[in-house]
Each structure stands twice: as structure tokens, then as C-alpha cells.
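Order of writing sets the chain letters: A, B, C and D. Residues in each chain are counted from 1.
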Amino acid sequence: MKHWREECAVFGAWGDPESSQMTYLGLYAQQHRGQESTGIVSLFEGQHITHKGLGLVGKVYKEDDLKRLKGDGSIGHVRYSTMGDNYLENAQPLTATLTYGPIAIAHNGNIINANALREELISDGAIFQGTNDTEVLLHLLARNPKGNFRESLKHSLSRLEGAFSIVILTSKGLVAARDPLGFRPLVLGRRSLDNGKKSIVVASETCAFDLIGAEYEREINPGEIYWVTDEGEGSELFSENPKKAQCIFEHVYFSRPDSVVFGKNVYETRKQMGRCLAKEASVNADLVIPVPDSGVPAAIGYSQESGLPFEFGIIRNHYVGRTFIQPSQSIRSFGVKVKLNPQAEVLKGKSVVVIDDSIVRGTTSKKIIQLIRNAGAKEIHFKVASPPTTGSCYYGVDTPRRKQLIASEKSLDGIREFIGADTLSYLSMDGMLEAVSGDKNKFCAACFDGEYPTKLYNK
Amino acid sequence: MKHWREECAVFGAWGDPESSQMTYLGLYAQQHRGQESTGIVSLFEGQHITHKGLGLVGKVYKEDDLKRLKGDGSIGHVRYSTMGDNYLENAQPLTATLTYGPIAIAHNGNIINANALREELISDGAIFQGTNDTEVLLHLLARNPKGNFRESLKHSLSRLEGAFSIVILTSKGLVAARDPLGFRPLVLGRRSLDNGKKSIVVASETCAFDLIGAEYEREINPGEIYWVTDEGEGSELFSENPKKAQCIFEHVYFSRPDSVVFGKNVYETRKQMGRCLAKEASVNADLVIPVPDSGVPAAIGYSQESGLPFEFGIIRNHYVGRTFIQPSQSIRSFGVKVKLNPQAEVLKGKSVVVIDDSIVRGTTSKKIIQLIRNAGAKEIHFKVASPPTTGSCYYGVDTPRRKQLIASEKSLDGIREFIGADTLSYLSMDGMLEAVSGDKNKFCAACFDGEYPTKLYNK
Amino acid sequence: MKHWREECAVFGAWGDPESSQMTYLGLYAQQHRGQESTGIVSLFEGQHITHKGLGLVGKVYKEDDLKRLKGDGSIGHVRYSTMGDNYLENAQPLTATLTYGPIAIAHNGNIINANALREELISDGAIFQGTNDTEVLLHLLARNPKGNFRESLKHSLSRLEGAFSIVILTSKGLVAARDPLGFRPLVLGRRSLDNGKKSIVVASETCAFDLIGAEYEREINPGEIYWVTDEGEGSELFSENPKKAQCIFEHVYFSRPDSVVFGKNVYETRKQMGRCLAKEASVNADLVIPVPDSGVPAAIGYSQESGLPFEFGIIRNHYVGRTFIQPSQSIRSFGVKVKLNPQAEVLKGKSVVVIDDSIVRGTTSKKIIQLIRNAGAKEIHFKVASPPTTGSCYYGVDTPRRKQLIASEKSLDGIREFIGADTLSYLSMDGMLEAVSGDKNKFCAACFDGEYPTKLYNK
Amino acid sequence: MKHWREECAVFGAWGDPESSQMTYLGLYAQQHRGQESTGIVSLFEGQHITHKGLGLVGKVYKEDDLKRLKGDGSIGHVRYSTMGDNYLENAQPLTATLTYGPIAIAHNGNIINANALREELISDGAIFQGTNDTEVLLHLLARNPKGNFRESLKHSLSRLEGAFSIVILTSKGLVAARDPLGFRPLVLGRRSLDNGKKSIVVASETCAFDLIGAEYEREINPGEIYWVTDEGEGSELFSENPKKAQCIFEHVYFSRPDSVVFGKNVYETRKQMGRCLAKEASVNADLVIPVPDSGVPAAIGYSQESGLPFEFGIIRNHYVGRTFIQPSQSIRSFGVKVKLNPQAEVLKGKSVVVIDDSIVRGTTSKKIIQLIRNAGAKEIHFKVASPPTTGSCYYGVDTPRRKQLIASEKSLDGIREFIGADTLSYLSMDGMLEAVSGDKNKFCAACFDGEYPTKLYNK
């Protein structure tokens, strides 16, 4: 694993006779946010219909499954598994039957006080079925029937700490909610139907709207509960907090470049990071190449700002699957070469600027640099379009432990030496914030600066 | 299907204790040349061991399969199926036991007189097991035992017309052969083993060598039979013809950009096609964008030659699988949008040069242009980095019928109007040949100019 | 479905290093009691390990699964599904983590007040995962921590009405319990291990003990809780009721003939039913044939008592699977003929006594009689080795509704006419009780006489 | 493996719009003759449609497969695999396209000169696809186009030695043929269709006719070729030989008891073997029990002749699958107990006659006797309803080597001692022949008396 991994995407559709189809497509477009399990729940005649499975969206759902998922409202989920929990019972949406009737929840984020809440609930007689932090919310809802569902939801959400962008399907409607600090994205849109009406759609990223031809309207705001039923729409804030903690790594790496996240197009913010990098850390060289695919936009930005020609000096093989049978004989830098093949014709005798989005452990960067050097590059200037990553994330991202992050253990020159570059530069925190046009108070950059926006619990 | 589709890749390894592992990796790297079935045959103690399956290389072989494929010599194959023949019995390598012992054949190309030969053989009592043209060669070999295998092979190959780049595994060694006109690529390399020796490898494309750390040595020449056994190597020409007919579409689209094909690096020839296009058909515009992924190198070349900035105005989703459940509701340009998402932030209000490698039917180009226009582009200058394709291929490529090729039916302006571009330009034949530094006598460009290098048979 | 169907079998082993293996074998031997899903839970180092699946025991468990199910204690379950609930989440043993630690429950029977308890629990905030009545017991245990587990269990069991033979695995030991009326069987045994010690085994039927070489010791008594831990064994009665309601249909049809059930060997009680039938309803005939397999012991008994020769006039095909593709053309009595083939050589011109264990709807009997007549039988005397079945069962058996039971709707002669026999006789209630040496107060025969031993709830 | 195993059954239907359905049912009824692979080929508009698979008939064919197998004529096959050849390419029917058009062959038997013919054909340029002896016939047909298919077939069959009961589907009709000595059964019948017409059916055993409601007409005679096309039926003898060699083991064990084989009902011949055994080897005892299922008819015959009561002292569990996970702890006679459970209540203190159809290695009989003794039997008189088996079969049966047959290595008393019986008797050769009303010249009993009816080849 080179990168930190986003753990989930959510999607919801309401008022669409093909709501499960749209959810399927919305998940398909967001597959990059989670590839290990997926599920869709639809609402038909007051009852929930569920389909879940392990694997990619394109494999888990057959045409008959989508036909079975009848109804005008649906929600769906894709997820990564963290260590040891890749079981179907953890696949979301989670479902239960409460006194209100059936309920289904899909969650992106991480509830950091889940363990304490779980213990409290178990000693009060609750039976948990999985190890998922989201299940805590189900039990809170089951035990707090405050007269109506929205009151119960507000009360239950107020018990949660951490990151949660949530879509809920009840027997009456669709609900979307986002934690008060707004860690993870959640967006609202509308889609024109063939019958002239408009349906409501909710997603983690706007690329899901593009695929189904929906219009992006706005973000679900931090601390907001939004709902839609056959009676209409509504919204209220369950928490007001002027501070926000939107995950800046969504712009650095997680989101698709064609999404609008926290109000900004990701391709443009990444290109801007490349431009800032060129301003902060210019160097004499013959050409600029990206580590594909994540380094591409920043490399284009760098090329435009610096005037150095942009080239694909490393070709990425997109047919590579998730598993691979290793040969027992030694093949140099084999693991990287399966995906990335440097080209001698482009690199030989050249002084090269190499752009990557981030460095995690440093081992992959080291191998890439070896490959580039073997292809004949004369000088290698490795430039990273974000600051050094020095801290783990507790808000819904699967990260290595702090000690495994090379930038938390080594100096800039120590990293440079380890990865074998001739020079190494990182983008500054100010440069990164400028690229997202960001106010520091609106973002969580804890993985870069250690300023965690919430209390932390022992994991 | 937007594109014509290469039908196969071959691979062979000899003198390597992990020959089947290397073949697996060699096929993995060449997966773009065929994704519907694959097979590997290894030679162990005079016997052949076979594993074949439908699907991708990464799925068909498990670790145990490769362990079972013991032996120092192996050959392998990946293939597309043409209409209606996606059966396991057509998966290659084809195998048989002849008086010489076991034989296995993997073939890239198309034998154009296969039907006539098949009828002749059936009326002489041969039993065919599949519909594959390659099986004809097996039967010719079975019926022509000329004292030794190489004589029999020369005699049998002389009966074949058309395109064939072939690797053969016998009970003694590995044989590679290429048809006299050299339609399809076939390259030879060597790999240093951990034990200090060198093994022989043969592949369709050099990218297979890169992955396993083998050195590219030379092409198997048109009309050449090359062999290697435990006794050593040898080579002879079974046909001498000064004319060659190397497929120029390998450079335009089929091959991986990081391969060296017919002696030239493909990324560089494609970039050169973009440069030539910029010289031949310059236009005033704000930026250059590729239709990803195949248009990328030419767009970079165009940008470099023209000075217009290069941008990714269309983002490609690489998580898209091969099948997709369509919604029944209308979603504009849905089929294209699954893969390609244009970005309003990049395109809005801009005059855009769009670079693609070729136009086949025109329907995909039309949808792409619609999407770009909907994203707000002011002007769209569509530029194709190869000449108009006007003819079908009979040499191992799955092509639409002539009438479905838009350039064989419409004028330049008719095509422009159909696809909805503001201007449309194609690269000239001379420009394309210049890009590959090519002598017209060395290439087959029949799909562009109708000059078929062999007699044609009714299909 | 000809017959009523037993819904489950349970098994438990304690103190055996191969406890999951023994549980696997114990379930294998009891496969006739449930074929739709199965599960095993083992206890290893204080944690539960679970494996469940849909289908037969021989398919669901692979060797690796049993290796994974480590530990000296295990419980297991096989079950039929009733309509519409063939989901893996209903497969037993059910598991949960309570304040006591992990708990697993396997249940044979039916809790008749489950719906009322479920509603009570849901309105108190419980979240149910399946539709299984057994889950109610889990929630009662979770909510009633009475200081120690056994107190909690006694309290929870006292809330249940109906039939339950239960095995429970906790983090400390194995528990077996049987409802106060003792509807379903539950037996205790010991097995000599290779190391000289003895392990404890619990099963629904003694045939499970025979397979693994365990000694049958006694029944778990109605109203008894039996437990074993590393500290030793113990037992207490949680309810004392002189009346019993042991299911007499276990002797008529459900149990394997080689089991000892409620203290009597089933093959012998069935043969005795045949003998009583011969005494009560003798007839002049040439031979006696069973409807195989369930009618065989009674037919042997009838033959011995009457002196008429016993023959297999109908051959049963044991290769028949559970599903079958029907031809659209009409084939007379096809559904029956798939399993049962009458033999003209045996039957032609003969007056035949046909023995079956029971008649449910009458449609199968009708087809069997047609087949026998077509095979040339001169006279058919159909004799049933149990009284007419006139009522549904609510204690763990999947039964047709009362109206579908032919004996609840038609007179004896009406039934005879419907099935097409020349004569028809049933065994009397007294005869059946005599065959099981039974005191009416010890048995439930509600399906025959309508005397339900508990209050009934609306289903 | 206790028993020798029949290797195949065949089926054919002609003139039936549901011919593939009938073939499916005909194979289903004959599943006992081969459980490892199956295939059906149908003829539709001059083309063959094929479906084959590994496993049971009920698993291999789905409803859609049978719908795809359109046409009024079909043939099918079930087979056992012999060691190491359980590959789909050996599954029958075998198919090829000859100058006559498509041909499919299903074969029961064994061609004993297949290896010599195969070598001859390979050196003449034939390419074999599998290791099946039947493929030899395909190549002979391909190479001998004698003007019309029937002439070619006669010529090709005349090259074969050994056992073959064959059904063939051409592009015109259905052909059935049986070797001149008539080793294996092959029967002809007719079925009344809903449209008033009659279809032709061919099968290995008549039980296949019973299931589909067809009338048994006659055997295909040894040396006969029978054919039916849209033009009508015909028959001719391609060889006339007064001697026959019908396999007597079909009556002893292979065939279903409800089949008519070589003109006699199998249940009756087996019962007669039991009667003869009682006459030849009477003994004082309390009861007679069969080793189920194969010993049941003979035990009934023995009981009727001797007057001793017939009991099921051993219960067979019919839920046992083909594979089984063994415990590592010792369980006495485990392998046998999985299937067979003796009953103490029946056996305790009794002197018991145990009837089995044959003894192969003796190891299973030994374990059965141990189990019976452990169940408390006082005396065990083991009686075998056929003579001692002393020789292997080369005519289509998978047999142990001669040395593994206990009767070829030990005296009667030596066998008795090995298996642990108090007394042991076999049926005499004369008794067995009397039971089948057989002339010794009409049967092959080589496995009993070593008189092989053909020349033998080294295997």
C-alpha cells in the first residue's frame, strides 16, 4: 500500500422510479473510495429490500438484483475494509427494524468514541452483530425513541464524536447528515427525470452526479440534517460550530480529479499545488514527469508554471488487478514495475523533475527513482505536491502508524537520501492552503501538522 | 466498441526454471492485446502441462496453477474472441500429440486461406475441435512428417497465407516464426537468471520484457524461423521477400506506448504523430486536450509543437469494468460518460483542440464532442493523429465492416458535421509515415489506403 | 412435499480436542432433520469461532473450516427453512457477545410466544437481525444479567412457551436444556478419547452417537438444565411438571430408524406399529410391500405378524436430488416416478397390501396407487401405520394448514375413494400408543387427536 | 471402493420435440451407472448443440441448458472416470464434424484394441483430443468415408474389439449399435407423445423408459446396427456370432433392480440368487439381514426360501455424500459406519445370516462383521449371492487388480477367517446361472471363472 485509503463513499436517491439503478451508478462512479464491499437498500411499499456483497460494484450487482431493488428511494455504500474485518456482516448499509419501522444507514467517516458507546450499550443489553462503528448509531436510535424519528436522530447524533457523513433510508424518506466539523464531503443534487419531475440525489463526490446527469446544488453543511419524503424537503442544523475540519487530503489524493469537493474542483486544486510547488522549489531541468495517475495534475501545473516540458516518462499499466502472483526469482523493483514502466527513450540523459502527490513510507518512491535512474535519467528532482505527512488519521482513513511515516522519522535530507533522489522538495503548508484557497480554520490538516480538531481516544 | 481490436499476444520462455511464471508475467504485461481467454503450456520431462481459462490473466491463474506448470520452457497466449467464438476450446495455445510427441502453438495474426485448407483437411479425414484458424497449422504438421520437425514446419508454414507471429513448444524446444511480410510484431530477448545463466524470451511486445527484467535483443525477422533447445539456438529464413507489411496501426493504437515495436518506441512515434499534426493543421486555440488514454501522447506532441497548453479536460475513470448495467431512463451520452468525464472548470469558455488517435464509426467522437460542448467549450477543433480509416483488416484484427467506417462513407466535412466539431483534421499518410520514420514498402496501411499486401479471400 | 418436516437437529461436544470434527459428524448423522443450512461454533481461548452455510453438511464444511474451528468445545445445528426464510442470517447457532462474553445457541423446536416477546423487546430498543424465534432467547439473556449465567438462563427460559431442545456454548462451557413438556428429543452421551479421558456429547438423536462411537447415557429430561465446564458437570430442573408431551411423530416418521428416541428404538416401534396394524386390520392378500423408505419397518412388522410375504414392489431411486427439471410434456405421475418405480414382475395379478407411515394431503398416495395399479396389481389394500392426521403442529414442525390435511376434510371412505385404493385402514390411537409402550400422558399426539398440550397463539 | 464400477450409461431419443428433456430424464434414471460427468447433444436444423459438465445430472443441466438443446433428436451419456482422467474433454458424447456433417457418439463399454488403433491413427496424422477409447471410433469414421455413413460405420465397427453399446447422432438421424458378443445392455423402446405420435428411445437400462413413460420393446441385438431418421427405421446385423457374452455382473450388482436386463427383471434374478443360496447353503439361525442396499433382494429371496425372518439389522444412511472429512481420532470402523449403522435391538444375542451381493477385497465385509458383532450378534453366517470373484474385467468396468481380489488369493476358509465370520458361503456358478435362467454360452462370467470371451491385450 503506497497510500492512505479512504474508507467509504455513500449515495442516496429519492423520488426516482429507478432509484436503485441510480444508486448503482453513483457507487460505480465512486468506486475509487472503496473496493471491498458494497450494498444497496431500497424502499418499496414501506419495506426495505437489500443487496450486499464483497467486491467491486460491477461484480456484486447483476441486472436481476437491481430489478429486485424496487422503489423510488434507495441508499448505497462502498467501503474498504480495515485489517481483519472484511466480512459481509460489516458491509453497509446497515439495516434494522426499529419501532419506527425499517431503517438503513450508510456511513463515511469514523466515530472516534464508538468503543466507549459500544461498551455502554452492551452492558445495557444491546446485541451487536458486527464490528462496525456505524452499528453504534443504530442502537442509539433503537433506544431513544423521542416521539419522532428526527428528534431521535438529533439526540443520537449528539452522542457521536468524530467524522460522519451519513445517508439514512427510513420507511418514509431519505435523510442525509454531516458531522459538525464536516470532515468528509457530502453533496446534494437534483436530477431531471423523463417524466419532467426532479429527483433528489446525495453523494460523497460530485463525479457521481456527472455520470447520472444530475445537477450539483450544494454541500450538505457541517452539522446539518437534510431530509426528503413524499411530503417535501427540509433541513435543520443539529450543531453549530464556526470551526470546520474538512479533510484537506481529499484534495491532495482521495477524491477523483473531476469532482467538486468542499466547493472546489479537484483537478484545478491539484494543478494549483503543482504551480505553487514550481514557485517555491524551482530547479533547472529538461522535463517534468508525473508519477501516474495521482501526480498528473500537479505535474501539469508545475510544467505550466515552470515552462519545462511535460512528458509521460513513466507509463502506467491500467490492466493490473488487485492481486498478483510473485515470481520467486529476483526481479528488480518488481512490485512497482507491474504498474509503472519508465521509458528510456524519454528519460535517457535527461535531468528530470518527478512530481508525486505525497510520500507515505518512502519505499515506493525509492523504487520509482531506481527505475527512472536505470532508464538513464541524469538527474532526478523529486517534488511532492503536499507537505510531509507526519501523523495518522482517525477520521475515516486507513493510515499507517505514525512511526511508519518516513517524514515523522527522518529529516528532509534523510528522506532524500533514503529514496535516492538528487534533490527533494515538498510543498509548504501555506502553498497547499493557497491552492485550495483555504482558510486554515476550515480544514483538517492533522496528518501534516498534528493539530487534531477533536479529542483523541486510545485506539 | 470504439476501436479495432488486436486479437492476440504471444509469449515464450526457454531455459528458465520459472518459465511458466515468466510467461504469466509476460502475458500480464500484454493483457491489452487480448482479454477474453488465456493459456500457458509448459514442458516438463518431455510432457506438456496445460492451463487455460476464460478471462483475465490475473483471474485465470492461481499460484497452484503456476506451480503445476513446471519446467524450463513455456509458451502462453492471450486473445480476444471474435463474434460468437468465445469458447474455451478456442483458447490458445492449441495442443496435440503428433508422431514427434506433444506440440503446442500460440498464434497472433490471421491465416487468410484457413477455410480452404480446413475443407481440404476435413475431406482427408481430419477432425477439427474448434473454429480457430490456428488449428489448420496443427493438422498440416500432423500430416507432413518430413523426417524432422523443422522441415515439417517449413513445409507447413509455406502452405499458409496471411499474418502469423507464432511461438511453438515441442518436446525438445521453443520455436518462434513470423510470416514473410511480418504483419504482427514478434521480439526476442534474454534474461539474466539468479544462477548466472541467461534464458531466452519471445514476446509480441517489449513491455513484456520490461516487467520481467529481460533485455530486448532484436525482432524475429519476417520469414524467419528461430529455435532454441538444450543443444543451442539456431535460425533460418523459410521465405525471403524484400517487401514487408508491418502493421502501422500497432503504432497508432494497438501497442502499449512503452513498447518498442518494429524498432521504434511507441510513445515517441505517437508524440511525433501529434507534432506532425500540429505542423499540418495548426489552429488558434486556448488549450490542447487528449481523448484519454490513447490520445495522450499525440496531444503532448501537439502541445509541444504548437505551444498551446496541454490539459486533461476529460478525466477517465479507470475503475470501469467490461460490463455495465444500463439504466432504462435516458441519460445523455451515458455510454461514454461511464469512462470519460469532461471538466467544466477546464473547458468553460475555451477554444479547445481535442486529439484522438483515430475515428472508427464516429459515434463515440460525436458523444465526446457533445460532452465537451455541454461542459462549456466555445470552440472544438477535433484532430486525429492518423489518416481516415477506410478499410477493414484481414490480418488478425477484429474490425467493423467497411460500410461502418465513417471515413469510407462520408467526406471530411460530412464527418465533421456528423461528429459536431467546429473543425476536423486528420494526419496525412506522409505525416504518419514520417512519424514512424517509415518506408511505405515496409508497412501495411491497408486500413488507410486500401492497398492490401496479399490476395484476399471471401470471408 | 409429502411429509411434515422436522425443522432441526442440534449437537454439542465438550472436552474433546476434536470437538468441531465430532460436531460435524454428529450433524452429518442427523442430516435427515434439516438440510437447508448448518453451522458450527467452537470455543477457543475464550473466543467463539463460527462457520455457517446454506446447504448440506457435506458441502458447507471443508477440511480447512474444521481446522479453523479449534477448541475443546463446540455446538452445531442443521435446519430446514420454513417458507421464505432461507437466509444465512437465520442459520444457527445464533451468536452474540453479552456482558458475560460470547454466547452461541442452537435450538430445535418452536417458541410459540416468540412474536409477543419480540414485539415487547423491540419496543424496548432491541435490534433483531433475523426472523428466527431463537433470537428472542438471545435478547432475553442480554437483558437479564442475574449475576451469573445460569440464573439468567433459568429466568429467560421461564419466559418461553412451546418446544425447545437447546444447546448453548458460552465462554466457559456447554449447556443443554429441554422445555418442561419435553416435546423434542435431546440425549446425553460420553465418548472415550484416545487419551483415556471421556468427552461429553449432546444430540437430538442417538444415531449421532453411533457414528462417532459415543455411548448413549440418558435423555436430557424435560425441564432440565444440564451444564459442563472445565470445573465439572451439573444439572438442575428449572420447571417440574408431571405431564409430558413428547412428539409421537418422531416415532412415526421424523427420527432415523436406528435412533433410540424417548427411550425406545425407532425401528422396533415402527415394526410394532406394523404388527398392530396387522392385528387390527388383517386382509387376504398375496404380499405386503412398503412405500419406501419410511414404510419399510412397518411393512416388515406387518409381514411377520400376518405371515404374508414381504416384497419390494416399489424400487426407490436414491440418486434423486432435491430439484428436478420438469418436462412440459405430460408424463403420468411423473413427480412420484422420479423417486419410486413399481415393478410389474412383482405386482402383476397380485392382491397387494401397501404400507405407508402416514397420509398427509393424499395426493402422493393417490399417485403411488395409480402406479401400482398400472403395474398390474389386482387389488390394493392401503394400510397406514399411524392414525389419521387431522391437525397442524406448532412445536417445531413445518406442517400444512389443517384444511390441506385430507383426514381433516374427508371420511375414511372419502379418503379411500380419493386415493383410489380398494380398501384403506389406519392404525388406531391405542395401537400406536401400544407400539411405543406409551402412556398417553407422556406424549403429544395433537396432530392426530387435536389435544394441544399448550395454549395456542395466532400464527 | 467396495464394488467394481460400471463405467457408463447411454440414452437416445428421436422424433420427440422434447428430446433433450427426455434424454436428461433418461440419464437421471441411469445415474447409478456413472456419476462423474455427463453430456447431451441435440440435433437442430442440421447442427449439433452440446452441453457437458462434470458432476451429477441434476447439477450439470439447468433449465436454460435444456431449452438451448433444441431439436427432435438427442443423445446423452453419464460416466465414471477411471484413474486420472476425470477431465471434461473426456466427457461424452464425443463430437466432430466429418465430411458427412456433425457426428456425436456416446459409448458404454471398452474397446480393448484401442491403444493399437490409436497408435496407427496418430502415425497417419490423426490428432487426438482426449484419452478416451471412444475417440478411436470417431477417427475411423473420419478416415473411412465409404459412400454413405452406414457403410462407413459398419467398416469402422469391424475394426473394434471388445465391448461397445453405442448411440450415435448424425445430421440425419439416430443410430444404435452393440458389439457382436453383446457385453453391455442396450434396449429399444417407444414413447407415446401428446400429439399422438410415437418417438423412439434407446437406453442402457429399462428403468430409464419407466421414468419417461416409454414402452420397452426389445434389446438392440448383439452385432446389430439400428437406425432411425425422418424417413423411417431400419436395422441390420454387421456381425453374426452364435456365442454371446452378456455381463452377468449386471444382474449381480450393476443394474438397478427395477430394470429388465438381457430380458430378465433384475430384482427377481437377485431374489432368485438368494433363494438358490438358501437351498445350497442353509444354516440354523434366528434371522436374515441384508447388507443394504445391494444385498436386499437376495436377502428377501433367502428369507422366503429358508423361512427365517427378514430384518433390517443394518440401517443405511442415504444422506451420505461422496466425500467425507475424516476425524484424526480413532473411531472404530468409521468408514463403514458413515453409511451403515447396525442395530443392537435387532441383533443382540441372535444368530444372524448376513447376505451381500459379492465380496471384492474383503475389507468392507470385515468391518461390517465387526460392527454386527459389536452390536451383540451371537453367530454371524455371511452368505454371498454370487460366486467368488477372482478376475479383473476388461469390458468397461473399473476393477481392482487380480491380486487385490481376496478370492483370488485366499481359500474359502482363509476368506472367512479374514472377514471374521462364523461361517461363509458363496453361491455356486450353477446357482447363479439358474437364477438368470442362463445358458453359460450367453454370458460372460470371466470375473468369476477366468474364461475371457475375447483375446486380451496388455493394458
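Going forward, contacts are C-beta pairs under 8 Å (C-beta built on N, C-alpha and C of every residue); 3 or more make two chains touch, one makes a residue touch a chain.
Source: prediction; values computed, not measured.
Among the remaining chains, not one touches chain A and also chain B. In this assembly, B is the chain whose CA centroid lies farthest from the centroid of chain C. Computed centre separation for the pair chain A/chain C is 52 angstrom, with centres defined by C-alpha atoms.
Taking each chain's centre as the average of its CA atoms, chain A and chain D sit 63 Å apart. As a whole-number value, the distance joining the C-alpha centres of chain C and chain D reads 36 Å. Those residues of chain D in touch with two or more other chains do not exist in this structure.
The complete set of chain-chain contacts reads A-B, A-C, B-D, C-D.
Interface residues of chain B facing chain A in the complex, by the touch rule stated above, are 17-18, 21-22, 24-25, 28-29, 31-32, 35, 56, 58-59, 61-63, 66, 193-194, 207, 210-213, 256-258, 265, 267-268, 293, 296-297, 300, 303-304, 309-312, 315, 317-321, 323-325, 327-332, 334, 337-338, 341, 343-346.
In the complex of the two chains, the chain D residues touching chain B come out as 96-99, 122-123, 125-129, 138-139, 142-145.
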